[in-house]
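Paired with chain B in one complex and with chain C in the other, chain A is shared by the two complexes that follow.
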Partner chain A sequence: MANNPFPLSREDLLKAYRTMRTIREFEERLHVDFAKGDIPGFVHLYAGEEASATGIMMHLKDNDRIASTHRGHGHGIAKGVDVRAMMAEIYGKTTGACRGKGGSMHIADLSKGMMGANGILGAGAPLACGAGLAAKFRGDGGVGISFVGDGASNQGMFLESLNLAAVWNLPVIFVVENNGYAESTSVEWAVACDSYVDRASGFGLPGVTVDGTDFFAVYEAAGEIIRRAREGGGPALLECEMVRFFGHFEGDAQTYRAKGEVEELRANRDCIKSFAERVIGAGVVKAEEFAAIDREVLDLIEDAVRSAKAAPLPTAQDLLTDVYVAY
Partner chain B sequence: MAATIDIDGLVRVAEGAAPLVGVVANPVSARDIRRVIANASSLQIADRANIVLRVLASLRACGVADVLMMPEQGGIGRHIDRGLARACNLGETRFPNVHYLPMRVCGTVDDTRQATRAMVRAGVAAIVVLGGDGTHRAVAAHCGAVPIAGISTGTNNAFPDHGEPTIAGLAAGLAITGRVPAEVAFHYNKCIDVSINDGTVREIALIDVALVSEGYVGARALWRTENFRELYVTFADPAVIGMSAIAGLLEPVGRSESGGLMLRMAPPAESPIVVRAPIAPGLVASVGIKDWRRISHGVPIVPGVAAGSIALDGERELSFAERDSVVLTLRERAFRTVNVSGTMHYAAREGLLRSVNALLDAAEE
Partner chain C sequence: MARKISMKDAINEAIDLEMRRDPTVILMGEDVVGGTGSPGEADAWGGVLGVTKGLYAKHGKRLMDTPLSESAYVGAAIGAAACGMRPIAELMFIDFMGVCFDEIFNQAAKFKYMFGGKAQTPVVIRTMVGAGFRAAAQHSQMLTPIFTHIPGLKVVCPSNAYDAKGLLIQSIRDNDPVIFCEHKNLYAHESDVPAEAYTIPFGEANVVREGKDATIVAYGLMVHKALEAAEALAKEKVAVDVIDLRTLSPIDWDTVIESVENTGRLVVVDEAHPRCSIATDVAAYVGQNAFGALRAGAQMVTAPHTPVPFSPALEDLYIPSSGAIVAAVRRTLASGEGAGGHRKAS
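Our next item is the complex of A and B:
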């Protein structure tokens, strides 16, 4: 086997690939099953954006907390939430991560540091500040990570959180996953300051933009930003420029996209394909090893769907359980 | 109207009309990891647009009537359009006509390459470039004999001037309207040609080629000095930021001087010489040096590093393995830039921006 020129061990390269492939197949399967009418509620798919969640989460531990978005499946999988429990949650079943009462936009697993997907745009940012404040008080080196899309970065909560994190010097990282569209509105029409780094600069935070379809670019930049936050260097913003393979939500006719846009993105900006080509090209992993992972992931997704479908729905008696918390 | 739009959508100037100028303003520069690992600045998009407006005003003051702009998606154009519309509302005529190149924008460095080629085809007399060393490199690779007027808006900029854009615009305007002799108005610059596997991959560097042991491009910037292995520079300047400063602190080589410098490097703990060099804004780091020597124009060099990545002008761009053959060649008189200081001093000596108030003269008589 050739020398490994990458900043991850061979095992971690395989792990990163497995995570990205799991996210991709999870979303591709939901795309199909949603069209069949099998899934209640709405789903917003993360396919095409896997390098962002994976490149960042590879640096995190269970005590690091993330606040996700409405497009949160990738974040959950990369943070280590059980894939079967996630699928069951989306199917609204009692075996789900939130016992079937949260659905796609509320998947949470605090044991893994996943504070939840969030149907309210921008609402994750203050939660991440809370997690950062807690970590700072505990002194355990934990960080809070807030994910927002390009659209949600216009929300007041997000901007207030940048301010709060800056003045309290919180170990918080604001990740702007810029896939070019706020629902169906292009960023060109919706973001007055034009650059998310400019936005961070306004609060005295360092901001960095990376190609979010390049796993290694995300991984290296996130690594430095997270290390800095853990060591008391304070908050920062990371913009990942990425692409969305599906619509804003399943069922979105995507009339706002150019003809052939998605096909071109899938052909030329597929983060998993470019990752695999580079790692195989360097001789660190064999193509057959990735192919074996592909098969295992497909089996896992199939099993997750089968078990989700077989599991019971919550009953009327479950309505008020898990709603209130006693301290 | 001096300019017309031809069937390709390109602007062309009429015979005898004022020359056309191209403007490439990159919205992507100054956004990399050096904001976190060092204290590099972030020039806001609105400020970049402001710089373009300053340059435009200077070009108009020199008689330039039409400018070709690279379109982009980063917002610079929108701010410029607002500025031009406001000037128009106020009845001001201090800006030239601005035409956007009819090209598909992809949001990467390919936009700069494509725009440069289109500007050259349209016959621009100069290209004003706003960006870092990377943007200037992309323009220099495709501008041929068309001179560059460079303005720094990037991170570790050793190449472009850090001067006031208004002056750069004036110098460019004076230089291309034939009022300053070419030998004063323009400098020639060196570059390093990088060829991998007999030219399968070809790149250039304007200042430096660094070979580092990291085998991936990743976040691009160079800051882990223990991974530095070899450095080739077109000029070695102790008064600039970045890789050129390392060489400059050992043996300065001027921009217009013949030849360049080559350094062999190693982790500081294993090196006979350690240089404390400003490798990024706010980052003065220890760099281990084994030895160095002069390199000459046109002599191909095969680096001694077997595998790793190649950084061009301070950013990792390519990775290479044992099976790849890498050849570096210093090239002199590679492309031209506007000599801002020389042009402005010539303008002062020759009174190019001076006129006599005839009415006052008549009254005194």
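Our next item is the complex of A and C:
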């Protein structure tokens, strides 16, 4: 085996690949099953963006908390939420991560530090500040990570949080996953400043922009700012420039995108493909090893779908539990 | 040992005692310390009306001034609560809720249910409510009904110092998000308050005066208006039950129904606007569940359906008065079954 030129051990490279592949197959399968009518409600897929969630989450432990977005499946998987429980949740079953009461947009597992996907864009940023504040009071070195897309980066809640985190010197990282589109609206039009680094700077935070399809670029930048936050150095902003393989939500005809845009992105900016090529090319992992992971992941997803479909639906008595009911 | 102290001091004492007892209790808000980063005193204000004055000296960095960013810090309090803390976020005036409402009704209120019972959010949002301060339309509202409408929130509105202390301690120890409404015109009101910590359970109304001719249901400042009305009515030999709801979510229906079953007549007093209010809620509930006990239609005494006016001449007309309550009691006594023939107090 060749010398490992990467900043991760061989085991961690395999783990990162497995995480990214799991996210990809999870989303590709949902795309197919949604079209068949198997999935209720709204589903927003993370395919194409795997390097961001994985490159960041490889640095985190269970006591580090993340506040995710409506496009949260990738964050949940990378943070260690059980894939079967996630799939069952999306199917609205009692075996789901939220017992069928949350759905795709609200998958959470506090025990894994996943504070929830969030249907309200930008609302997670204050929550991540709270996670950072709690970690600061506990003195456990934990961090809070807020994910927003380029769209939610224009929300007041997000902008207020940048300032609050700086004023309170919180161990919080604000990740802007810039996939170029707020639903259908271009980031070029909707974000007035030229650079998220400038926007961070305006709030007194260091900022860095990386190619979000380059796992290693994300991993190294995230590692640096997370280490700094753990050591009391305060918040930072990380912009990951990335690509969205599917529409805003499933069923989106994507007529706002250029002809051939998605095909070009899949061919030339696939973060998993480039990761595998580099790692195999360096001789650290063999192609067969990744192929074996691919098979295991497909089996896992198949099993997750099968068990989700077989699981019981919630019943009338579940309607009134888990909430304070006055009447 | 009980001493006579103000509601303001009772609230301060409740926070102090809970911060001593539980290291996860923290307090944040605009000017709750008052003076952070400024050249004068470090804790110059202790809240805009001085409610938290002195707590910084006792608890230091567990009290945090915030930027004027209600979404960010109320959301941070909620996030910290989901991560094991028991934060108290002070939102200076309930009127400011509009700028941070998402964090309250879409986040805090929903976590437990939306996450399948696997999350709890023990946050208290303390906020000033009510008119009478000449503070005009955006600093004087009684927005309690907006919060009682939201599943997952508990809503508290004490009428006196004793209740404020016991209910606030209960709020801090409660595992659900609590909107704790402090009527700014009651801060100076004094009552006997034990020095030690105690709790008042949610959903237990207080019958503050007993009488058999009619039931007056109220909360917050309106309890005092109702008591004034009861005093005036007593001179006419009309005796009324006055029920202080104390908590609006949960609400103590049993005490209300039991009283109406005794008196047969209901007057609900609410400083909120007339539509979709605590008044309509109580009237509807009693109408649905104790119709047979009612001898006349329920009467509601509320603020008018207008913003709170500034001019003292108008604001005094806006706030429900004891006279209006007396008139409502007379109306119910004069209508329906046995009109005018109510049992006289002996």
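Simple rule for what comes next: the second predicted complex is superposed on the first by the 323 of 327 C-alpha atoms of A that agree within 3 Å, B and C clash if a C-alpha of one lies under 4 Å from a C-alpha of the other, contacts with A are read in each partner's own complex, and residues count from 1 in each chain.
Following the convention adopted for this analysis, a contact is a pair of C-beta atoms (placed from the backbone, for glycine too) under 8 Å apart; a residue touches a chain by one contact, two chains touch by 3 or more.
Predicted model only: the values in this text are computed from it and were never measured.
Placing chain B and chain C on a common chain A by superposition gives a fit, with no clash between them. By the document's definition of touching, of the two partners only chain C reaches A:120; chain B does not.
When the two complexes are overlaid on their common chain A, residue A:270 makes contact with neither chain B nor chain C.
Of the two partner chains placed by the overlay, only chain B lies in contact with A:224; chain C stays clear of it.
Contacts of A:6 after superposition: chain B is touched, whereas chain C is not reached. When the two structures are aligned on the shared chain, A:177 is found in touch with neither chain B nor chain C. When the two complexes are superposed, the chain touching more residues of chain A, out of chain B and chain C, is C. Judged by the touch definition given at the top, the superposed model places A:201 against chain B, while chain C stays out of reach.
In the superposed model, A:250 lies in contact with neither chain B nor chain C.
After overlaying the two complexes on the shared chain, residue contacts for A:188 are found with chain B alone; chain C is out of touch.
After overlaying the two complexes on the shared chain, residue contacts for A:168 are found with chain C alone; chain B is out of touch. Superposition on the common chain A brings chain B within a closest Cα-Cα distance of 24 Å of chain C. Counting contacts as defined above, no chain A residue meets chain B in one complex and chain C in the other. Here chain A touches chain C in the complex through residues 65, 67, 96-102, 106, 108-111, 115-116, 118-120, 123, 125-131, 133-135, 137-138, 144, 156-157, 160-161, 163-164, 167-168, 321-326, going by the rule given at the top.
Taken together, the chain B residues at the contact with chain A in this complex read 27-28, 31-33, 35-37, 42, 44-46, 73-76, 78-79, 107, 214-220, 307-309, 319, 321. Residue ranges of chain C in contact with chain A, taken from their complex: 24, 26, 62, 64, 66-67, 69, 71-85, 87, 102-103, 106-107, 111-119, 151-152, 154, 176, 203, 249-251. Against chain B, the residues of chain A that register as touching in their complex are 2-7, 188, 191, 193-195, 197-198, 200-201, 206-210, 214, 216-217, 219-221, 224-225, 228, 236, 239, 241, 278, 282-283.
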